[in-house]
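Across the two complexes that follow, subunit A remains constant while its partner is subunit B and subsequently subunit C.
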Partner chain A sequence: MKNGMNLIKTVFFSEILKGLYLTFKHLLAQRVITEQYPREKRVLPDGYRGVIVHLRYDDNTEKCVGCALCEAACPSHCITVESAEREDIPQKRYAKRYILDVTKCVFCGFCVQACPVDALASSKEYEMATTDKRDLIMDKEAMLKLGDQYFPVRAKRPKHSQDRYDFFKTMKQTEFPTVKKGAA
Partner chain B sequence: MNKMIKLKINDLEVEVEDGTLLIEAAKKAGVEIPHFCYHPKLKPDANCRMCIVEIEKARKLQTSCSTPVTEGMVVKTNSPEVKEAQFGVMEFLLGNHPLDCPECDQGGECQLQDFAHENSPMTSRFVEEKRVFEKEYFGPLIEKEMNRCVSCLRCVRYCDEVVGSNALGSMQRGNMHEIGAFAHQELECEYCGGCIQICPVGALTSRLSMYDYRTWQLKKTETICNYCGDGCLLTLEGVKDDITRVSSEMGAGRNGGDLCARGFFGYGMINHAERLSRPTVRTKGRDLQVTWDWAADKTASGLNEIKAKYGPQAIGGVISAHCTNEEIYLFQKLMRQTIGTSHIDSSARLGHINAVSGLVKAFGTTRMVRYEDILQADVLLVFAGELTESNPITAIKVKEAVRQNKAKLIAVDSYSAGRETYISHLPNLATHHLEIRPGTEGTAILGLLKAVAEGSHQTSLSQTARDKFKESLSSVSYDNIEAVTGISEKTFREMGTLYAGAQRGVLIFGRAITRCEEGYQNVLKLADLAIAAGQAGQPGKGLLSLTKENNEYGAVEMGGASEYLPGLQPVGAEQKGHTLVEMIDAAARGEIKALYLVGENPFRSLPQKKVEEALSNLELLICQDLFPSEVSALAHIILPAASYAEKSGHFTNLEGEVQKVRKAIEPVGNSKPDWEIFSLLERKLEAELGDPSQSQKLEAPSVDVVWREIVTTLPAAWPNLSEEKIVAKMTAYIENGLRSYVVPERAREKEEGVFDLSMSQVLFHAGRMSTYAPGLTTLLEKAVVLIHPDDAEDLEIQEGEEIELKAGGNGSGVTVPVKFSKKLSVGSLLFPEHFGLEMQALLPLTVDPITGVPYGDRGRVTLAKVSAPVS
Partner chain C sequence: MDLAIRIGIVLAEIAAVLGVVLTHVAYLTYMERKILSDMQDRLGPMEVGPHGLLQPLADGLKLFFKEDIIPTGANKIIFSAAPILVLIPALIGFAVVPFGRDSLVIGEFEITPYITDINVGILYILAFSSLGAYGVLLGGWASNSKYSLLGGLRSAAQVISYELPLGLSLVGPILLSGSLSMVTMTEAQGGGFWHWYVITQPIAFVIYMICAIAETNRLPFDLPEAESELVAGFFTEYSGMRFSFFFLAEYANMILVSCIAVVAFLGGWQAPFSFMEFVPPIVWFLAKVYFLLFFYIWLRATVPRLRFDQLMAFGWKVMLPLSLVNVLLTSIVKYFLNQM
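Our next item is the complex of A and B:
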């Protein structure tokens, strides 16, 4: 019985007719479903993972401390971090060089998860088409610029309690004055 | 062998030796107990309370790092009580610890991180704010971040117990506890880096490699240090092809994980920007940077031309003892076999050859004492006042023997005991210090020898031999000796009895013997002394020669000396080639037309004028080196060589231990390892001689092939003689070798305004190479001449002021700043040999008549204040 039905369906092209019915329905309904990119752009869902960007604090300083955990987490080895001591604030670590090779990036967002200071974020930037591949190797400046564009609301810079700091500092100095060689 | 003890840890049966600590027994059972203050190198301190365990029948929880095991002990390391106590400790430790792991250089290899993962309550009950310390530096190279400190005091204890530098201390109490140098002064210590290595957290880190790496990025290679002869195992750690850090695994290698400033901070020369990087051919005053093939062709044709024109004996070669055994072997093979010259030498000529010739003559071997023997000795006789600076790791072994094993240390040198910095100094450590006048070591040995020969101690020496000794010393009187050395008869007799009466006596001698006048004779006298005292030829007894460069042993053993073929086989008298000094003389006379200098710079050991004249006289000068030097300025062909981090091979350290060197990074620039250059040259030379098949072989053979050749063809390359053979050789030596000894008659009087100047090695440098390491130049950047403060007071000189030194009232002088040091004896000056060539011109050069060693380390100078004011 079932085989008989299948044979009849095959002989009379019922599947093709079904498919064509859908086509003709849309053709006659006159509804356009093609998006006219780039004239119109789709609204991206929350959590869309575009190009990775760097963020800043509200006082315009970059968040990144150059710990290279993103580099360690990256499955496609597209991140290179070279950290160093900051020249303006001694003993502070920062990323002297931060290279994101977008050609290698798989947009998995592991780096964003790995970052201990939330300095990285996935932007909604996806229009990276270019005629020169070298444009896709982004440095920190480019990533910060994109970050400013996509994340205008910035986090507050956490502050250590200055009172506490001064308290310990004075306490220490009253006990033992610091003698630096050649200072006297 | 101690009694074995059985105990149970977490239901696991373990059997350990009596006296083992519980934490070590647990480790043996495979149970890890979290700990901070415990370290196998240090005595238990039990201050961190982290290693707490539950022991059956004990009333309270016990610290496993300070509890020795007992029979039938039942221990639990993971019971709820133990965990609760450990959680409590961890909560306290983390109460003040900042959350800066991402920034911390220790992150990834931090014990606090590791143990906190397993043994912390995950939440803290502290609501108070954390303690904040300002970040500080301990001097220029050590960074101190007290917020991270867990107060385990490992650094302080390491500094006291192992290094003996006592530079660190623990200050304040409770919350404000802090590690520091005394009164917050800048640290002036040995900079061995031990505190950085031993810190379980990131409280002490290296400023030199600060923020340059994350621990997981480092590629680690175990190799051997190339600064001094101690042969320390180094782990070179680098990010890509850049060495960023050095460490040494605890307990591994001959050094047991201890390093010195040179080892720990001296890696900067490897990736130095001034390294020679391209083969260069200099024609008509123009430098042409060429390919290796071209350079090798040019070298080979140049050498062949000279060989055809003047014969092979017009070519000479000198190799540095910083090269590996394979390289020295290949080099001597290239010179002796392929070229056919007998003029070959190495930088072992500058002193070590004295020790080899003397010891081989007396004992047949140079391998008698190992570090273990130093540790087990009960009397150490040391003729090396600068031991702690020239060979810091041997010094650590000596320190351990003296401090922990209560050995007697007799130090004979011309330094005085005085302490003003935290750099250890042998006379301060010595139980008996014989402060002799400079340059009178030989006479002091005679004094000891006389005391030993005339003493009444029991030795294995035959009566006839003793009589022989007495007879040969008959013309020597103590009065003469005292007049020369300044040491009384009583002292000599006491020291002689002490040394001869030792169960295990070890004699260590260094630069003052091998690199100073009468070097060879003094080595023989030392050998006589050891034989007469019965301190040779038995296990644990013998002589140890300190070497300045890392592979001086290997250089001689691999045939890098004109009188020795590989395996210490002597060359016949008529075939013996020129030594280094003779080569320079022959070049000046025009007999030698081509010199091949591999890493060796005669400008640093011989008078510059003479060397310059000799080298400019040459038709072909090939310089193969790491850095541009006075030689490369004159050279016709410059071949850039690779440093020790860029090649494989073997180094032989001062105990005679042959150790493997491993390649850590690719050669810097376009340089090549020396052995590759030699085998390339060999093929080119043979190709020119009519074997074209050789030129087709472009691939260099592996260095392992060379090593296999050495091992198979030279079974006697490492004469590790049995005791019987040493005794036999020794007896034969006494039978026909004893000479009569003479004391130089004239005791040198102290003249007004005349000082004894000696060149010496300093702790922070080794040769010229270390002056390219940024870490070491930070510690000591410029040459300063050391002077005793009493002398300075007489001359009204302030510290840092410049003085002018002149030799014997000669016209030209050298101007250097002074630094005060109480470790010198009054009337002497000390100058680090690593800087500047001018100082050498002041010192007279004498050459040893037998071994041909140039001695130019000591001399007498007059001193004058420079009148110009110093800002």
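Our next item is the complex of A and C:
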């Protein structure tokens, strides 16, 4: 009996008919999984880690203090920070040169976590394709520009810092001890 | 003068049929890609023209301007001749296919809906379609590549084993209509779909469909060009126009076997019911051919490729005995019907 049923199934191609029914269902469903990429772009999740960018405060001053903790945290050694003291405010440092080599970057976001002043952020920029590899070695200006584009809402500069500037300004006039004067 | 006009009419008919067939071949690739992608939840070609409608044109242009490479060690003459040897038999079969019913009469000249009606039409098509296997085999051999050679050998084995049941399955309609001519065969199936030979010869129809797929090297019988095993089979080494000749031949063969199936089993240009005869016969013919082509693509999206020993076993142990039994039964029934 069972063999008879199997024979009938084989003769009438029941397995193939089942498969044909399945593919026909998909034809009628008109469901599309693929995306027409350059025309349609998918919405990226909030935690997406794209190219690392620099942020600014609301008064257009950059946040980075040049501490180079990002350089220390970077697992692929793609960040180079050259820190210097600011001319106008003593004991205040900034990144004189900041180089991010996107060709080496693994987009892990460790630098963002390491930053003590929240100067770095992961943008949603992923279309970095270029014919010149040198375009991918970004300096601070390029990173700030990208940051302006992706983070238009800026954090307020902490209020107390203005008092500190004033304090240092008065101290500088009265021979502040850390001002290097022939010190080693 | 009279002869010149007659020759001119025939030439114009040949040009028209060739033009229509080649356009269909181009857009069959588009149809195949679109249907396949729909069945696989994709979009398919979308870039060139609205919904990718100009894609076949772009593909053709690309193939036309590509460099023509003849590999070192290849036999140049046979290598160049093989694609033509495949393409010509695929196109030449359309000469006897009746596309419609009514002839166009202008003065004393008659433009028939077929190029010629020879009284051995089906035999002629079968003879030429087996000639195409030589092109495949020679192309595979002349390429001086192991993939091509394996593809060619497989193709030869496959075509030989499936041509027998293919021919035998067509014996049924030939016996019933009592003619080898495609035109007479179509006319014998007039007056409703229950006169079509797909009703009286269902086994022959199924055998014919399976063998036709095997003959045209389509999935699930695309072993000669199995891309996961043989790169591209017999045309691995071909490029540019020669490659496109093989490509054209494959799709032209698809259309040709569909046309034969329509003429031999689905009543050709006949309408399924007599009250539906207000629709032009050529529309019925095209609708049936399109349905069969759709079925081929549908099958390609569904069924995986057979193993080679399965293919051979199926061809020799199932298809051949079945078609022989079918021929025997049909002749007996036909004999007793004639006695009555």
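What we mean here is this: the second predicted complex is superposed on the first by the 130 of 184 C-alpha atoms of A that agree within 3 Å, B and C clash if a C-alpha of one lies under 4 Å from a C-alpha of the other, contacts with A are read in each partner's own complex, and residues count from 1 in each chain.
What we mean here is this: contacts are C-beta pairs under 8 Å (C-beta built on N, C-alpha and C of every residue); 3 or more make two chains touch, one makes a residue touch a chain.
Keep in mind that what you see is a predicted model, and the values were worked out from it rather than measured.
Engineer: Using the touch definition from the top, say if A:Leu27 reaches subunit B (first), subunit C (second), both or neither.
Structural biologist: Second partner only.
Engineer: Between subunit B (first) and subunit C (second), which does A:Gln36 come into contact with in this model arrangement: first, second, both, or neither?
Structural biologist: A:Gln36 contacts subunit C only, not subunit B.
Engineer: On subunit A, which partner's contacts cover more residues, subunit B's or subunit C's?
Structural biologist: Ranking subunit B and subunit C by residues of subunit A touched puts B first.
Engineer: After the superposition on A, what does A:Ile16 contact: first (subunit B), second (subunit C), both or neither?
Structural biologist: second
Engineer: Residues of subunit C touching subunit A in their complex?
Structural biologist: 35, 38-43, 46, 298-299, 301-303
Engineer: In their shared complex, at which residues does subunit A touch subunit C?
Structural biologist: 16, 19-20, 22-24, 26-27, 29-34, 36
Engineer: Can you check the complex and tell me which residues of subunit A touch subunit B?
Structural biologist: 65-69, 71-72, 83-85, 91, 93, 116-117, 160-161, 164-165, 168-169, 171-172, 175-181
Engineer: Residue numbers of subunit B touching subunit A in their complex, please.
Structural biologist: 101-103, 107, 129, 131-135, 143, 171-172, 176, 178, 183-186, 210-212, 214, 216-217
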